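Read from first to last, the chains carry the letters A, B, C and D; within each, the first residue is number 1.
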């Protein structure tokens, strides 16, 4: 899947990520870190919405360091931003429909699938996405990404601002989707406890640098506490 | 000869208007697209007071400018804290309103028949148009001088800060809304004053004078010359009005049958120039301004030994 | 009775305005600046109609579609040659408006230099006056009314019910997310500028046939179009349609009860009033 | 010198982002405000400086001579009574040089009136001296020119607030985008100014090592409420803080 070599990235001339090298295979790859560790910057760069300042990025062996963002869905990458992750003036149905532009199956088929996964969205299909509650908005964002029939799903802090009950439900549907579709998931999270329940491998970022990268089984809570500086 | 003096006098008015627009837009970032409205209200205000109410010229101009100040205050309170596009549309609409009212209020303005006649002051002096040119020159030079001083002053620095980032300026304690309103009202009133001063030049006022092309001519001049350069406005007027309206129309050997197309050719060239400037030299012919003050203070050799504050 | 008259006359007068406001709004919505040069899409639409109808002698109804399409092509050409490079260089919204004034001057006076400043007339189809619900109207007016509303309807349908409309609204709503969803912003922009140009052209053809074809016809309606768009709220095509209809009916109503010229003043005052409450705040 | 908020709430679409019973800033010198993502830190900063209107609640600034209600004030009036905030996202005046930007910040609004147009000298000597002293403490690429990189712009934003010497300075993520040595120089100046009694400071940060090192007192915000307050050591060893940061 993703192969990242000495990646440097940030906003303008400012670097947030400094020299990251790692690769993601068929797994749930979690990126943990405190505020400002660079998780969002990393996901935006993987989705090609931020230019690389240095290093290279390849997807299934093909170099995508300079691909435009709108070419990524066809390459099988779907991205769910943390904020502003829906089209607020468009209806729920239209949001999903925009997601369903890629892939071979019909939109109707895929929409039904998303509705089966998140029945709440079906009830609100005609409503403007901007009027949804935080949790419903999050479901819609994930639903829109799944409409792309992706091979890799980039999820940026899906649990932020959600109630604990909701986070449980969301994480179990993420795990379920992975099981059913064999989807590779790159999950950026601050919430370490929940993430460790579903992740296969964990990378911990600290102030823009890789603190450690290990399979979940070899990870101690104290490693994370150290990276979070608590 | 008289025609040339008339043209040069009118050019001075344009330079004055462009200079005021430089203060509004170049320094403070207010996109006033209703220049002709403020100028026209001063022009017609003076005309009506002078012709219909027999007010002498100077008091008429002053009263008309005060009327413009009041009207611009109302307009400023309504839209100045809105987005640039809203300000732009509102001022444009205001100018259209003035132009329409001049036609409808026949009992005051005599509508499309025109309002006249407004004579030069200075009684029966033989070369009073030359003397009047001198008066205009003095007014416009004063405007340029004050705006140059303004650019280099503490107030000017604050205005530029408001233009660049209003919210940040407010967070440093600058009264951004108040400053914008005051400067807008004063500069609009001065546009009205220039309108009043134009009245004796035209002598006979017709609604055609209030066509929006005046606003665009002034804008084109400002953008051509350089919106944030103190002398940009003047250079822009030379390059547009001076070059086309005076030089070419007066001296170019154009056969009569093609001469009627000259104004169209002129406006076509304005358009091309404007597009070229924004595409290839966005800061205008003169580029960005570097005030003298800054050069003096910052030329002092920097002391490289690190000294900590406090 | 006065009200029905006002609504009927208002709709007749507003019909070209509705198309123009929709087209203008599309560009405003997508690219975030007010394109004054849109006036020339309207003017050129009418002049293209003169080319087909008068110079080449085609029937008026036959010249509508090609004029519209040519106007759309012109719009795309101007976008690709001037506005897109300027947007890519990060020219601010106010400077974009000034730029569009320059483009407008260039096109309008270029047109005058080529075809002359005279007013032209389209060869109208035979006109018969008829009574319609107690109101007098010509068959041309009724056909125009129907065609304009069909055009506006198609445009509306395109925006709210097709993939292109969805892409456009997606891009305007959340540019990054639209890109991440696979929407190519360049292709969508070209399509939108084409459609907006077509709408302007159609509006121009009908304005031209109702009165006359002049180089200033687009310029004369652009102010009201701009105000309609801003009052309707940035980027709401629905709002633009409603605002255009209301503006048309209001103008007709005020014209019927007062002097015609006051309607314009009243409308402008109403616009400034609305801007005071609806224009986006700065600080 | 105390900034107090009571029953302060802010809700967007019925979703409460901030809900604080009572909190006081500026009583303890150099204070820190920390919390996980989405805790409402930025919203709270906006509320305190009147950039965001609260849904309910009162904010008062206590200045030795008496207390002022902040609620009815506009943002520039809040700044004038001595409450200024640095910005998380880069903010700046693109057409002012670094020096001009600092001169602007240090000049009182009273001397920026119409009559300043005719003043002989634009800025008095002491202003020039303060500006120079501050600028020379940092390695700008061009001290007499414009801020070049994002980092320099960010630094100028902080220096503007430092030179203005408000009674209470709120710093919103001052380290984001700044190199380590620059951050230390800034924080050393801040610490010095606080020690000299020139101003009180609240730092919002996600760089926790910096908070632990410099702050005298730390407020912990989570889910819109202040959950814990105390000395850095107490906060560091608090269970709730660790749990909320890592998610339970």
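Details
Everything that follows uses one rule, which is that a residue touches a chain if its C-beta (ideal position, glycine included) is under 8 Å from a C-beta of that chain, and two chains touch if they have at least 3 such contacts.
This one's a predicted model, so the numbers in the text were calculated from it and none came from an experiment.
Chains that touch both chain B and chain D: there are none.
Most remote chain with respect to chain B, judged by CA-atom centres, is A. The mean-CA centres of chain A and chain C are about 42 angstrom from one another, to the nearest whole unit.
Remark: chain B and chain C have CA centroids separated by 31 Å (rounded to whole angstrom). Averaged Cα coordinates give chain A a centre that lies 54 Å from the centre of chain B. Averaged Cα coordinates give chain C a centre that lies 49 Å from the centre of chain D. Under the contact definition stated at the top, the residues of chain B that touch 2 or more other chains are 167, 170, 176-177. Contact with two or more other chains is made by no residue of chain A.
Annotation for chain C: residues touching 2 or more other chains are 283. Touching chain pairs in this entry, ordered by label, are A-C, A-D, B-C, B-D.
On chain C, the positions that touch chain A within their shared complex are 163, 166-167, 169-170, 173-174, 176-185. Taken in their complex, chain B has these residues touching chain C: 25, 31, 75, 78-79, 81-90, 92-94, 96-97, 100-101, 103-104, 166-167, 170, 176-177, 216, 219-220, 223, 261, 264-265, 267-268, 270-275, 278-279, 282. For chain D in complex with chain B, the touching residues are 49, 51, 74-76, 79-80, 84-85, 87, 91-97, 99-101, 103-105, 107-109, 111-114, 116-119, 122-123, 128, 130, 132-134, 136-138, 143-144, 160, 162-164, 185, 188-189, 192-193, 196, 198.
Contact residues of chain A toward chain D in the complex are 11-14, 16, 34-37, 131, 133-134, 157, 159-161, 189-195, 207, 221, 224-225, 228-230. Residues 47, 49, 68-74, 78-79, 81, 84-90, 94, 97-99, 101-102, 144, 148 of chain A are the ones that touch chain C when the two sit in their complex.
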